[in-house]
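Chains here go by letter, A, B, C and D, matching the order in which they are written, and residues are numbered from 1 within each.
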Amino acid sequence: MSTAMSRAASAAARPGVTPPGAEPDAVRASLSARFEAVRAFTAALAEPLSAEDQLLQSMADASPTKWHLAHTSWFFDVFVLTPHLPGWAPPDPAFHYLYNSYYNAHGPQFHRPSRGLISRPSLAEVRAYRGAVEEAVRRLMTEASGARFAEIAPLIALGLHHEQQHQELICTDIKHALSVNPLDPAAYPAGRTAPAAPVPLRFLGLPGGLVEIGARAAASPADFSYDNEGPRHAVMLRPYALANRPVTNGEFLAFIEAGGYETASLWLSDGWAEVQREGRRHPLYWRRTEAGWAEFTLAGLATLDPDAPVCHLGFYEADAFASFSGARLPTEAEWEHAAAGTSVDGHFLSRPEGIHPRPAAPGEGLLQLFGDVWEWTGSAYLPYPGYRAAPGAVGEYNGKFMSGQMVLRGGACSTPEGHVRASYRNFFPPSARWQFSGLRLARDA
Amino acid sequence: MSTAMSRAASAAARPGVTPPGAEPDAVRASLSARFEAVRAFTAALAEPLSAEDQLLQSMADASPTKWHLAHTSWFFDVFVLTPHLPGWAPPDPAFHYLYNSYYNAHGPQFHRPSRGLISRPSLAEVRAYRGAVEEAVRRLMTEASGARFAEIAPLIALGLHHEQQHQELICTDIKHALSVNPLDPAAYPAGRTAPAAPVPLRFLGLPGGLVEIGARAAASPADFSYDNEGPRHAVMLRPYALANRPVTNGEFLAFIEAGGYETASLWLSDGWAEVQREGRRHPLYWRRTEAGWAEFTLAGLATLDPDAPVCHLGFYEADAFASFSGARLPTEAEWEHAAAGTSVDGHFLSRPEGIHPRPAAPGEGLLQLFGDVWEWTGSAYLPYPGYRAAPGAVGEYNGKFMSGQMVLRGGACSTPEGHVRASYRNFFPPSARWQFSGLRLARDA
Amino acid sequence: MSTAMSRAASAAARPGVTPPGAEPDAVRASLSARFEAVRAFTAALAEPLSAEDQLLQSMADASPTKWHLAHTSWFFDVFVLTPHLPGWAPPDPAFHYLYNSYYNAHGPQFHRPSRGLISRPSLAEVRAYRGAVEEAVRRLMTEASGARFAEIAPLIALGLHHEQQHQELICTDIKHALSVNPLDPAAYPAGRTAPAAPVPLRFLGLPGGLVEIGARAAASPADFSYDNEGPRHAVMLRPYALANRPVTNGEFLAFIEAGGYETASLWLSDGWAEVQREGRRHPLYWRRTEAGWAEFTLAGLATLDPDAPVCHLGFYEADAFASFSGARLPTEAEWEHAAAGTSVDGHFLSRPEGIHPRPAAPGEGLLQLFGDVWEWTGSAYLPYPGYRAAPGAVGEYNGKFMSGQMVLRGGACSTPEGHVRASYRNFFPPSARWQFSGLRLARDA
Amino acid sequence: MSTAMSRAASAAARPGVTPPGAEPDAVRASLSARFEAVRAFTAALAEPLSAEDQLLQSMADASPTKWHLAHTSWFFDVFVLTPHLPGWAPPDPAFHYLYNSYYNAHGPQFHRPSRGLISRPSLAEVRAYRGAVEEAVRRLMTEASGARFAEIAPLIALGLHHEQQHQELICTDIKHALSVNPLDPAAYPAGRTAPAAPVPLRFLGLPGGLVEIGARAAASPADFSYDNEGPRHAVMLRPYALANRPVTNGEFLAFIEAGGYETASLWLSDGWAEVQREGRRHPLYWRRTEAGWAEFTLAGLATLDPDAPVCHLGFYEADAFASFSGARLPTEAEWEHAAAGTSVDGHFLSRPEGIHPRPAAPGEGLLQLFGDVWEWTGSAYLPYPGYRAAPGAVGEYNGKFMSGQMVLRGGACSTPEGHVRASYRNFFPPSARWQFSGLRLARDA
């Protein structure tokens, strides 16, 4: 079974194939270094939060920080240690139940909306669990035979990418939880932004045609991609244009002031129903104060910066804004084709400070494609032609979520550095607003 | 404004362009004949139902027959008569509010889930409204100048296609309403089916490649299509195979008996949640009786025919069955490309009897592409490249529903004859099961 | 079993004991006359309503008129005919299921909120059911032996009182259903009210002391009372005062204008929560129009009469108004003790017209104790000391509802003439507002 | 205003009147000693719980321990210190909003179901708030003039009784919260119970008659009672009998095994609906394990003791059990009259251990009237004749809850020693089960 699992992980994770003449020790050293770095970064993210903060769960879609700490360890426990390290056992067998997120192949899961009610195991016990898992993985990486290492390496790599996704969720979930508190508490210190002249909006044309998108088969382990990013395939694009930067708070404010939230004709039918039902009048976290518009951030309440990308929009709001602008959302193929040549630079979650989108810096071409805010596309999250989910538990990673969600591209200020790429497909239901999600306009050319 | 509306209708409905040398009288005669035929068929569908039956509304998504009778008249009232026939007024101004479905540009709408509470206007008054509208449309068609007729003709054509959609909804909505009644009442007489040998399932390969789909610009008025069927555009298809016929009740029963509804790994995540939440264990209308499986039909309770296409599935059930079969759902492009050459023949709603899918008749090639059951595809209902909704109320016809729904193709035994075509895009949310919806399997070749 | 049922009916209904020397024929004739009168009145109430009207069910607590017609026949069918008339059978055995309201001892019941979905049996079929039941009851009353008659007489008497309760519900339920219709349709013609000078509010003192309330054991069949009205028992009352008439619309308007619905301190905690949750700002059926306050009545929309008793209040609104007035609601013992000597005169449902409360006519003493509006008391609906519900299905009539409801006294303009008495206990949950419910103020003396 | 508040507190709390010749210093010393004892006991109850435990809120009706710690301090802050101690201010003005429970006169309240989301202020900060409040109250008690002290003394006394109620809620709320955790954690050590022979059930007759109940005007400060316990008044009781002890687990098990939860005729209508809707099959916290029946306790999972009083029943279950037993619940007047002469001894919350009902010890008369389990009565929680709620915020203490709730009597193992008395009226909605609530049977004699 462990072989099947390993093969499934390869399928799900599309890790690089170790080239024939690779130096095994270097591979181990590199994976080991990455393991230490990713695990340490998770701990650093949680560090400024109290045990009480780390227990908060403010909605069913979000999870407590402590749960993220445990679940990212559970992943190594269940997929790596339990099948591959004889004698391994978690501190309590109930952990396998408590910290399973949604892997039905691994048995039932604790009631998701009640994760915030698990005061015990305590934070200290969860940290001890993390330590035990780390110690065991280190031992396994060191002592494994070459054959065994070849089996576990893709699983460990997958586990690290998985953990990076949860690093982002730690940010977005604690932001939501603290936003409920009328004291507007800060989780992290504010970042410093150098003032700059606003970048005017321009559309840049692209010719389209028969182009290829999707992650290609990896040539090396560094070329990791998720299974949902492939197979690489041809799509036919009409000529189109993309805005040079994401929509800003100032531009979105004009939509609000023009009555955008009260104008049915701008909205998709489901979006309009949501606006009525939920009484939506502005992006999540915006607040109308006596001193003008403010927004709740991970550093507490802050004045709204008109030049920063608008953030915490749902898909319907992004789509309505595009209609209002006489434009549309890009498709994910258009976005990826445009981004294909660009280096993955941007404002990411490099340190636990300044987790907030920043205004575009002056420049040519497509700015802020990566980092700052995820960009909603007009594409439903569906399998690419030829996609097949891997068998077994690892196969539940991506495939089973391919309905009812829309694709977002590019990463945000909450995304760990090095985690995204041009082919990366993030996905959320259209109503989700607690991610750092904004938009970039597109047009038919 | 009437000109804008007319232009919008042209855009929304993509009617045929009247060729330069067309004979106007023949065009009027043809439209008039079609008007009489469609209106009479609606009345004939409602005829066997009592005034009490016609008031039933068993869920928010369905409407009373009487409401359909009124709303299909409202459409001509509001889009054709009010702007184009001086002196026209409905029997009561409140009708414009009561019988508006979802056109925000025409003002607020009566609370949709309460349509079944409108005992007054009575059925007799609604019939009188129908008569008054018909009389006025006849007069307008006869007396309109050539220029005026050119304006109203596409609106009337759209109104008739619209009415045909509501003919189908009359069938599906009354079926749902009567299914709640423990007496299992019949709405229509049962059809007769000649027994035949079952048709074995086979897959037929198609080469794919860069193909065109979507409705092309119409060359004549007979070439009507909805705006959402265009623009015609190129898509790249991999080689694929389609099953020669839809999945049958017998095949679906095997899925049930193999524990399909209890096997999480076969289901999309949202589908699995729905199965748990709703306690789904079989298609809508199936009943386990002491004498074996039965299903509620428009002719009352009937024994389940193992050779007839399975019907009243939601998208998640269709998708889970495909997974169970080691296959998948076709994309709408694959379906349309395969159907492009086929003549639109099949078991449609030709008369108000026998509104139930029938087993495939023996034959070569792709059987039952049209009629019998709508076929769920794996495609989300999204705009085609270059699509723009028309401005104004008519523009609300299709575009605003382009989120959260999946495409179905091919028409059903509840679809009026002559209503569908290869490019026709029907769409429903994945949980909808009260349409005559089944599936055809597909595979990568 | 029929004997047990009969005994249970006696217990539940507390009918008069036939005195030793009663003339049997006269008893039969009297019961028979009453049977004909009550049944005919039900039919007359339904007569002005169309088959469509009679199918309406606008909330789970209300039922369609047609259902009331059937259920009041079901009562005789199941409690009288089935056990006592050999060979009797309803038109369809499903009627026993369809038209059972809440008698668990008679098996499961059709889903209550879906009663409005039973288009078949048609109204004509339900009328035929009524006719068949009536014919059979007539035959049974005529042909029964003396012993058999003694068994069925209390059941028939109970059935007639039961039917009178449903006559009231026909009025209140159709009023609610038609109120949803934006056309404001009328069910019945308006009554005529002679203008008169308003009656000033005065408080009349009563001494209290150790008094008896509750229905006493009946001395004759005419002394019918429900089981929940007894046993008669002593209660200790402090000196108190009652208002000479119910609170008027004009007085309630002053409460509204003084911000009563916005003042938390006037409300019980549950009532305040309800006001917030439901956005209550006035009694049910009141409407603020451009021409001033109006209210929906069974004769359509009407101008609010400031001198008529305020109606369609929930308990919480009645209680809040009393607090606002520096008064309180009377207890049911206080009310009954005050009413004990008064003759049961008032504005009742004598004919199907004028079903609307009328201003008090000038007079001395406690006015409008009976008729016009039910009066909320401050008493929870609980068993009297020594009360025991009868065994079997008839025992479900009253006893099982003795939680979560408040007592109302005195009958209303919707109550059939001859149905109420001083000891009569009506009961509804505090949130119910669709009955003709108002209040009379009380004070400690 | 402070005088009005003080008078209101007197009215709400019915404290003892200081007798003319009372020694002021002794009164201060006594109140001060009581203040120290109650506050210290609250801290001791919270002590074994971690900061994470103290943040748990598992349902809207329950609150986090930390919130209880803060709210019991808020009471002194807002009712005593703010009006009476110049210069006093809480650590953060937001505390007045965050820790207000339901006093509308003190402004809006933080969303009750979200109390578990307030990670900040931290537990340490809340403890500091407690300390600051205690220090200030001590200072005020010491330094207040005689007149000032006479004003604040009843408010402080009320605050201490209030705090004792929250001590009980700390127990019941943390029990509910920990019961959700699949690890079955213990909050407190288990108590030790000496085995004893079970006490057979007997009924003891009481003559009834015109008796007095309710708290009388207090003769000394030690005679504290809440406003809802008065006025003392006469009620007429029929002869009745009470069981010598509460119903036991073993007796309730017999009800379960006899199909009590499946027998509609035993239940009030609302109770039966609840049983169906919630799927109730046993008391809250009972679990069917492979080793037999167990129950979750504050000391973790424990074997069910058949001789201990059944606990964590809702009113409907208590009532259904009484019906099953051919008995009924006592009225609160019957209970109080029977208990009037008994000394208030029993198993109370004397120490933070053994918070679990214990079997009756052998004895004569009415056993376990006080302590172990609250006993549901058949009386709705309504005002006594002549009751008027005090004006202002303190008047919200009891009066506004007088609807929709049932009275419980006698205190439980979770009730602080010295808190209850014969006239004490506890009240909860009929569905509430997380209190230590059981029942004692009654009968008409």
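Keep in mind that, in the parts below, a contact is a pair of C-beta atoms (placed from the backbone, for glycine too) under 8 Å apart; a residue touches a chain by one contact, two chains touch by 3 or more.
The structure displayed is predicted, hence computed values, not measured ones.
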{"item": "Most distant chain from chain B by Cα centroid", "value": "D"}
{"item": "Centroid distance [mean C-alpha coordinates] between chain D and chain B, Å", "value": "61"}
{"item": "Chain centre separation (chain A, chain B; CA means) in Å", "value": "38"}
{"item": "Chain contact graph, described as a line, ring, star, complete graph or other shape", "value": "ring"}
{"item": "Complete list of chain pairs which touch one another", "value": "A-B, A-D, B-C, C-D"}
{"item": "Residues of chain B touching chain A in the complex", "value": "102, 104-105, 210, 233-238, 264-265, 267-272, 315-316, 319, 331, 378-380, 382-383, 385-386, 395-396, 400-404, 430, 444"}
{"item": "Chain A-facing residues of chain D, complex", "value": "50-53, 55-56, 58, 92, 94, 97-98, 110, 114, 116-123, 177-178, 180-183, 185"}
